[in-house]
Structure formats: structure tokens, C-alpha cells
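Listed below are the structures to be examined.
The same chain A turns up in both complexes below, where it pairs with chain B and then with chain C.
And then the complex of A and B:
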């Protein structure tokens, strides 16, 4: 019959050559903008500071970047799970993990990496799970819940450790070191662990469930997905990532400091947005936010290399961030236009 | 209770619900709902808007818990705590709302919530193959399995939702208005698939407002009225009129008679369309639509009728040609026509467009009826820049009465039935006093009684001089309401039927691009 040759229907299966499809996908990818920014900023940084990638320099930069990148990853699952999902407590949680490792575990003789690292990760998971339970089962607004835990954790860190204090565990010293004459910083192990964890969760199908819940909660619910459990899981995983960031921070500063952590929250959220993840949930991964964190880091190092006045550095930093997010949004809207979205029109 | 006597003699029912009740605050949505689906049986659940059908479906699919009554699966009494529990028990529901995750691929959507998330290579290949099979059985042109569902049109999204249900291997399949966006081809394929399922012992509970679907598919019809099951009859034992009477409780004929006899009033046409080509490859269309005429746009989904309507609304630029409207708003002296160039300009020229996808394009869920109603016309209620709520309320009452709107102005639109939502939107646009009203499948998901009320409203307004261009997916609507029917095929208007020429057969054959209905032996109704 002629009906099967429905010329009017949109050609649903595209038959473009493979190469062209990959190239098109690369441009359309939400990572396109942030990748371009990272490349451009590295070039700019290299022009200003040619020694940037020399051994000693590189390790320092990477060690500085790793906690930020991990904090950004920690912000991903909660946002991805939709429903206004957001974890503001990422910064204080990673700060508290740092305080916990230095001021609680060390004095009790639990400084060994084999004991203290798992305990730190457990603490992170616990913090995330509390957020998740309040959001998923208590049905409370994520922004309010995590603001509450933000204040709670920031406060408790000060109670436990009122003053910054040295005496970091042995593994912190290891994390600040590097292999290959400085070219392969040890702190990358943490980033690798986070990436492996994420890949495992993808392989297990859990990331897809988070995405489904964030994309359309009701569709997921009626399809038999346990929405509350998935959200709880998302926040818990975010807490584990935050704990990894806390380990990175301990390696970076080699001490316990109750005041550093909270600053990471805003950077992490900005990095997630820059990385092209939808803040409404349902779209994004961890690579974008890591690149977003790199962007933020590179902007800052460029500005200080250009010896921009420290008074102005914040202003320029904010302006560049706004411009980057605008650019991301413009490119995103232009390339992710949905032909079928307007009711079959 | 029901007059269901066959249930005892035949094999035990797969799914049996009895005495189900559920209230929302003071509102009793369901009082005494009973239904029984046997193996291999297709049961149609019928009822007007607000009769409790949706509540019943939500109870059976585990979204809501009943206040009273019981649900049995086979011999076993079950409590369905969640959709997950219902799905585990083998009750699979395809909902009226098109529930898909737009950011996930077609394949991921089809298997969402189904099966173990950890899977080996072979299991993944198997899932792909089965997904392709089911989609292939439903669609002549199945969507790409890896495409994000958000890029599909409404119809294919609904296909994905249906296919997800079929992949669950249901014991009982509940289809709640699940065919509303499907075109005739896909619907027939779905029905064929359902009949195959039934032969293997699956029970189907089928909810549809379309009498033709019910008549062609169901073995048994169960009617709900005001939250109570009022009858259960075998399909073979009832005529369409009897079914309608059972549902509505009054003697409303299934066949509706037109109120008006005449077509358009004389004088200048309200719409003038010349050389209009909707797509690059469509044939040009020249058309004049008189004032007070009701034009129907017909055709299989995606053959250009939707684009045509959107061109008239100024929402889409045509490939060539122009559509002009008799300029009624700008100064009485200006007798010329204004070309339609954009949506806002079209609105200014007295064109109102009621979109199809109410949820996405029409209403603001959380706002009240009154707020939804007053959005485009709020300026009329201003005195010296200050709004007068009393004035808005007054207008709402006037126009609400015009469309038989019952709910209170303060009621949240999201809580209303589909029919009442549609009435709110209609009242909204009628309040702009349009010269031309463009309707995109306005009775989709609306019960029969409300449909007839709407037809009466349309006819009254048309006799007062309002011009209607109405896309409809229902044959009955075209046959009973339209003065002229434009049938679209392959992006062009391939046939124009007057009310007198329009027969079911002529229309259907035109859907498939045949020029002459008579060739298929059409018979006048």
C-alpha cells in the first residue's frame, strides 16, 4: 500500500555517513563549548606562563585543581536526579571530611590509609544519604535541606577543630607527591577513582535511572522505577565524591582546616553549569563539570599570571563566568533544538 | 453491582476489582467501581469526564490506594502499593499522558524500569532486538532506537509509551486513552497487536472516548457513571445508542444531528488563501472560507493538515503563497485583507488558535480557571491601569456560561478533567471575540456529552458569523459538524468534500490518497 511510504513522516532514521554524524555530534555535544574554552585558556596560560607545564609547576596546579574537580563531580548526581535537586552541602562536607581525618581519626591512631580513607568515604556517603533521605522521603526542597546541612556541617567542623591544625595522615603526604619527576601527580588517583566509580555506576544502569528520574519523574515512576530510592542513591553517591574531594583537600593543604571547605560549594555549582549539565536535571555527565572546574581554575591562574590587581580579580572572574555560561546556553539552544517538541509540529 | 453473570461460568477473571472507592477531600471520585477482565478478554471501560475512569485506572495501576474495595488477581487479593508493585503483578498500564523521559533514547525508554539494570552483551542485544520488533509491529516507520525521545513527535512518543507497556509481557494490559495521538494506520496496527496478545490469554482493559474504537475492539463494555459502575454488557448485546445511554444515563443519540442547515453567510470571505504551499513539495491551495463556515481538516497524522492550521495561526511560515484574513479589527473603514505574518499579528487580526497539546501549549496547570481564562484579555479589565477582579470574574462567568463550564473560577486547572480544561481554553479565546477560530483537535480526550456540548457551541457561534477551521482526527466529527472538509495527503490538500458529499467511505479513501470515494463503493450516510 501507499501508506507505508508515508512521505510526510519525518525521516526518523538518518542515513548520513558515519564520519559526518560523528563530526556533527561533536559540535552538538554539550561538551563542545567547555572543551573549546579549556583549550583556549590553556593556550593563553601557556603564552603568559610558558613554564606552566614544567614538572614542579604542573603537580602544584593539578593538586590545586583536583579538589575543585571532585567537588564539581559531587554536585552532579543530585542535580541530574531532577526535581530541583541540588547539593549545596558539598563544600562543607568535603571540608568536614578533611577535619575528620586530621582532628578525629589521627588522634585516635586511625591515621593509616587502609582505615581512615574508607572511614572518610563512609562519612561522605552518610552525609549525602542524610540529604537524600530528607529530599526523597521527607519530600523537602533540596535547596533548603542542603542549605541546612551546609550550615550544620560548616558549624560542626568549627566545633571539632576551632583552629587550623597540622599533622595530616601519611596518605596526605603521598597525595601531594608525584611520579615521573612531577609530571604525574599522585592526586590524579582520586580523580581516577571517581571516574571509575562513575563508570561502574553507568555500567550498573544506575546513572541511567538517575537520568530517567531527572528527565521525567512521572514517567520513571509509572514505569516502575523506585524514584525515592534512586534520589537517595544519587545524593549518597554525591557524598562519596565529596569525600574524595575532602581527601584531595587534605593532600593539598597537608593539615586540617575548618574554613576552607565551604568555599568549594559555589565553585562546584558553577563548574556543573559550565560543564553543560542541565540544572533542571536529566542531562549531563561528569566530564563536562570536570572541564568546567578546569575552566574556572585556568581563568583564575591566567588572571593572576597577568598580575591583575587582586581587587579586580573577583570582578573579572565573575564576568568571565557569566559570559561563559551565556555562550554555553546560546550554543546549547541553537544545537539542541528539538524538532518534535512543539506538539508534533 | 454489575450484571456480570458470565464471570462465574467462564474461567476465573485475571483481574477483578470490586467496590473500589476513593475520595479526594470532599470530592468522591469513585464510589463503587467494579470491573472484571478475563483471560483473552478486551473490556472497554466507558464513562464521561469525571465519572471516575481515571481514578479507577490509577487504583488498578498502583498510583493511588483505594479507600475501600478490593482488587483480585486470579484468586489472590492484592494490595498495589506503587506502580512498581502493579507491574510486578503483571498489570501494565499505558497512561493517557504521554509519559516518556525525553532525555533518554528510545531504547532506554522502552526498557525503563524493566528487567535487571546489569546486563551482559547478549542481554543487551536481545533487548535491542525485542524493542525493534515491538516498534516494527506498531509503526510502518519505526523511530531510531538511539534517538532521544525528546526529538520525536507526539505520536511517536506515545508509540514509545505503548511499546514500553508491551515489552513488559503484561498479564493485564490497561490502555487509558492511549490511542489519542495515533493516526489510523498506527491505531489499526496497535489493535491488531492487542488482538494477538489476547489470543495468548492476556486481558485488556481499554479506555477510550471514541465509540468506533470501543465498538471495533471490545468484547465487553463496562460503564461508569458518577463514580459507580452502572452496567456491564457484552459488546454483541448492545448497540452504540444503548452504550451511550448507559454511559450518560440519558437518551443522547450517538448520531448527532446538525443544528444548522446553511453554510456560510454571503459577503466577503473571512479567509482568503492563494497559492499556499505548506511544504516545498505540496501542491498549491487556493481557498476562500466564508464567514460562519466550519471547515474541517482531515487526514492521517502528519500529512500537512497540522502545518496548514499553524500557517493560518501565524505560527509557521508557508513554503509559498499567502493566507489573508478579512481585517476586522483595524478601523471599520479598512475593508482590505491582512496577510497572516506572525502569531501576535494574527491575534490582533482576530484569529484565535487553540492548540492540541493542552498541557504543553494551552494551560498553566497550577493557576486557577480564572487566571487561565483571563491571560490574553486581561487588559480589558483595567481601568486607569488598575485591574478590576470583579470585572474579570464577570467576563469569566459570561464566557464560561457560553461553553457550559461548570467548575468554580478558583479551581486549579490541573485538577479538572480534560473536557473542562478544554472549555476553559475555549472560553479564554472566545473572550477575545475572534473572527476566526482555529481549533487543533479540540475534542481529543473529551467525553461524548461534552463533545456534543462543544459542537452545539461551535454551531451557535458559526451561525453568529464566527468562522471555524478545525483539525479533527475523528470521522464522526467531520461527518456531523463540518460544512466542508479538506483532506490532506502527503502535504497537500488532495480532496475537498462538502457536507452533502461527505460519507465515511469517501473520507477514509481520501485519507489514503484516493481521489474518488465512489471507486470503493461508498454509500451515502
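And then the complex of A and C:
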């Protein structure tokens, strides 16, 4: 008995310093708080609804999560590019893509996925590029520009489609389905596409350029970076991600709805902040915001699983968001203030 | 040559924007367009109605201006307007006397604002997210309190106070408009001539320099957000007189219109540049513009789309930033 205990204890004792080092690095990561929250919330959700990861439930949850996660990703490049960068038009843009796919492309016989999806992505890129051009070359404050496009796109969506309308294209039906008896929802394809696009941009060095511009615009400019072109690119990529979110939304609701989109803007901004990205720019990636979106989603699903009144959900949601942001900041400053201390422990 | 011209133009325009001349000019142009295209646009009754609407927007935007001056943004304004609106009507409906009711409403706004300012500065969290979260909490709490229904009724004096047909003594303006202008004048004086007012600018221009000048970040942010909360609660209270009873989402149009008024007035959202005077002009111009779009009998959606374009176009005419090459 004692022997086996000792034998088991020895490798553990040897592993401890390395474990502590890894743990220290993990806590210092900006993703620490949000990852811990996601894990805790999944545990809580599982305790309340043990069937959460069963085939039937999982696909529905993932389909709900995908547009939010993609909207959060869409908010990343503009914020990362600094200079007060912020894209308020993410929500209306993804909503307009949904309306465009259902109310414009379908009646013109362009519902086939091979035509309709590229056109939707092109629309997203165009919307993002307009924002980017006004910010980078018009030299207007990003919040003003994207507030303008927010109002414009939200209004135009209602003009094109005053009432919600059914008749989504065939690919929307595919996106709401799943492989492997519900364990592998099709909507993950969109998230995968966004991740691949981001990884490709990282390999090409464009993400690094955005980060450089965001962390110190003047230094980047003096180093020969075409600051305006990089900003234009950042907003355009954000628009493409927003279009992917719009495709996800179309798959989720299976119809065209002009009023749903704008609600995604504030959720996306909250998810980006929760994910540990600096809202002042220059720091962050897309994994944090996706986890942030998952946190927001899990809070809501936990509250509704506990059959909390829908009126309470808004209160608790805001309180949790506030607490999480403060916690994120406290952990962030505590670990950054003494970089050597955690390693010595 | 081209660069010389553009820099000349931008500095001159910049100086005009600073003195509010461009804003006055746009108010005049919008008015003339309205007068020549919409029947009855320049009638006395329509001007009075516009002035009342501008007063509501102007008071809410005044608080937003102070927050913007310190480089923040307040997204909790609609929720606080809703809270003020519902509190005013509910308390009056329960027989609470008006002075107590007013004190309670303003104190609630102040507390929410102070919380916003304290959390933003203590935890160094972007105000955008903090006010988004507190707005969600306050909005939800008001929903719970009222079960999302119309409740209570406004005190009778308030209805006269905010009526477009009312006059203030010899002035042909509703008392709410006079209140707005007096508050704006007091605010402008405080910003220009008092110590806390200057501290707001110092903090907005350079937080680090402000710290070295012993201007406390926490005090300044708490004060700015506190004022914004009070202004929003006051707007909600006044709106109760306009609408007659309390409704939780009466503030939702003010989420973006308060920001748009601040921006159209020529205040920089990056902080440190701006004034309440410009915000008054911005609120007047925005109200004129929305009334004009209503006059064209456009749908609400089309109005919104056009407003989006106009906001960008107006700001492009005087709010452009310096080229990066000129900032080194």
C-alpha cells in the first residue's frame, strides 16, 4: 500500500515544477480567465442538463453559437488595427447578408450554393471595405463611420424586406443539419472556414501587420508599413467574417429576418472584450473572442435551463459580464505587473 | 500644391468647426431645405415641437458629451432614461410628492453613473463594455419591475412643462427647452471656467500627464459618468411628461442618437476636444434633420438608412483626422 503510494508520488514530485511552470504560463495567458469560465459553465450546464452533449441537443446549441462566435471574430480585425478601431456595423452587416440571400438572391434564381455563397461573401467584403476606406482614406473616426453604416444597413435591410420571410436557400437547410447522428453539426464548417482564413492571413504576415499598426501606428508608418492599406484590409476581412456569420444566421433561422442582425453587434463587442483582446488594439487573436462568445452563450443557456424568467436573464447576463470583465482585468494586471514572480513560485 | 491646399482647407475648416460656425451653417442649410420642400416645416408650431424634441435629445447628449470628453462612451443611457421614465411615473402613481420623486430619480441616475465611472477607472476596463453591462442590468431590472407594461402616470405639472404649446413667461418656448439651454450654459461655464471642468479636458487629452498633474483619473471618470447618469435620468423624467406614462424602452432611440448628436456637433470621440455648446448645435441639427426626413414621409427604415449616410457625410465635412505622416 505504502510502496505503491510512494511509487506513484515520486514521478509526481518530479513533474511538479514543470507542472507549476505550465500552470503559471497558463494563468498569465490572456485566455486564462475566459477558458476557466467556459469550463466552469460547461460543468454547470452539464449538471443541470446532463443531456447537453447528446446528439439532439448538441447540434442545436452549436447552430445557435456559430453566428455569435463568427460575429465576435468579425469584430476582431478592426479592433486589432487600433486607432480607436471598432466595427459597430458587424450585426447589421450579417443581418443584411441574411436578407440579401433570402430576399434578393432567391427570387432571382440565384439560390444555388455555388453562386449565392460567394456573392454573400463578396457583399460582406464590400461592406467591410466601405467601412475601411472611410476610416483609412477618409480619416474619419471608426465609431462614427461604423455607426453610420450600422444605421444604413439596418435601415436598408428593413426596406428590402419589411417582414420576416421564409424560403431560405438549399444550403441553409444543409447548414442546420449534422453528420454522425447529430454529433458533428454542419455549421462548424463556417467556423472552420473562418479559422482557416485567419490562419492563412497569419502565415502571410498580414495579421502581424494589423497588430503592428494597432500597437503603434506611428512606429509602423515610419517602418514603411502602408498604414491605410492595412486598415482597409482589416475592415474588409472583418466584413468577410460578418458574411460568414450571416450565412450561419440563415442556417439557424431558415428564413430572412431584417431585425435579428443588429442585436449581434453588442454581443460581439462583449465577446471580444471577454476574450482578453485589448479594445485599444494591438493585442489579441480570434480564439479568445470565440471562447468569449461561448461564455455568453453558456450563461444564457444555463439560465434558461434553470428556467429563470426571461426578464431575469438580462439582469444576470449584465452582472456576469461586468464581473467577468473586472476579473479578466484584475488577473491581467496582477500577472503582468510581476512577470518574474509566477515563474519563481 | 494639392497637399498644401488640403492642409490649408482642413485647418481652416477645423477652426470653423471649433467655433461652431460649420454646425450653425448646417443648421441653417437643413432649415432652408426643409422650408422649401416640406409644407409647414417652418411654421411656429412645428418649430416649437422640434425645440422640445431637441431638448430631450440635447439633455441626454450633454451627459454623453462629458463622457466623450474623457475618451469614454456611455451605452447605458437608454436604460437609465427608461429607468427615470418608469420611476417618475410609478412613484407619482403611488402618490409620492414631486420633489421627492425628482430627487429619487436623479439619485438613481447618479448612482448608476458613478458605478460606471468607478468600475471603468478602478479596473481599467473599456467604458463601452462596462456601460453595456450596467445598461443590461438596469434595463432588465426595469423590465422586471414593470413586467414590460405601461405603468403609472406623469404628474400634471410635468405635462405642461414639456408641452410644445407651452410658454415660459414672455418666451415662446416650452419650459423644458429653457431648462435645456440653462443647463447647457451652466455646463459650458463649468467646463471652461471651473477646476473640475478643466480637469475633464486634461484627463481627456492625456491621462498620464493628468496623473502627473494630480488630476485623479477615478474622480474625473466618476464625475463625468455621474453627470451622464443624472442627465439620462432627467431626460427619462421629462419624457414621462411628454408620453404621459412610464414605458421601459422609451430610451432606446437615444442609444445612437445621443452619440450622433455629440458627433455631428463636432466633438471628437477620442476625448479632450469638444464642448457642450457644440453638443447643443449637434442636437438641434439632428432634430431638424429627422423632422425633415419625417416630412418627406419616408418609412422609419428609410429614414434610418439616410440618417446613416448623413452622419458620415456631415462628420466628413469637418471631423477628419490628420494624416498619419503629419502626426510624427
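Everything that follows uses one rule, which is that the second predicted complex is superposed on the first by the 313 of 345 C-alpha atoms of A that agree within 3 Å, B and C clash if a C-alpha of one lies under 4 Å from a C-alpha of the other, contacts with A are read in each partner's own complex, and residues count from 1 in each chain.
Just so it is clear, a residue touches a chain if its C-beta (ideal position, glycine included) is under 8 Å from a C-beta of that chain, and two chains touch if they have at least 3 such contacts.
Computed from a prediction, not measured in an experiment: that's the story for all the values here.
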Which of the two partners, first being chain B and second being chain C, lies in contact with A:269: first, second, both, or neither?
second
Look at A:151 in the shared chain and tell me whether it touches chain B only, chain C only, both, or neither; answer first, second, both or neither.
second
Please work out whether A:115 is in contact with chain B alone, chain C alone, both, or neither, and reply first, second, both or neither.
neither
Taking the superposition on A as described, I'd like to know which of chain B and chain C A:283 touches: first, second, both or neither.
first
For A:218, using the defined touch cut-off, is the partner it touches chain B, chain C, both, or neither? Pick first, second, both or neither.
both
Quick one: is A:208 in contact with chain B, with chain C, with both, or with neither? Answer first, second, both or neither.
first
Under the stated touch criterion, which partner chain does A:226 make contact with: chain B (first), chain C (second), both, or neither?
first
Show me the chain A residues, by the header's touch rule, that chain B contacts in one structure and chain C contacts in the other.
218, 221-222
Chain A residues touching chain B - in the complex, by the definition given at the top
1-4, 6-10, 12-14, 203-206, 208-209, 211-212, 214-216, 218-226, 278, 282-283, 338-345
In the complex of these two chains, what residues of chain B are touching chain A?
61, 63, 82-84, 87-88, 93, 95, 97, 99-104, 108-109, 112-114, 116-119, 140-144, 147, 150-157, 161, 164, 181, 185, 281, 300-304, 306-307, 310, 315-316, 355-357, 360-361, 490-491, 512-513
In the complex with chain C, residue positions of chain A that touch it:
84, 86, 134, 138-141, 143-145, 147-159, 162, 217-218, 221-222, 227-228, 266, 269-270, 273, 279-280, 309, 311-319, 321-322, 325-326, 329-330, 333
Chain C contacts chain A in the complex at 73, 75, 119, 123-126, 128-130, 132-141, 143-144, 147-148, 256, 259-260, 263, 268-270, 299-309, 311-312, 315-316, 319-325, 327-328
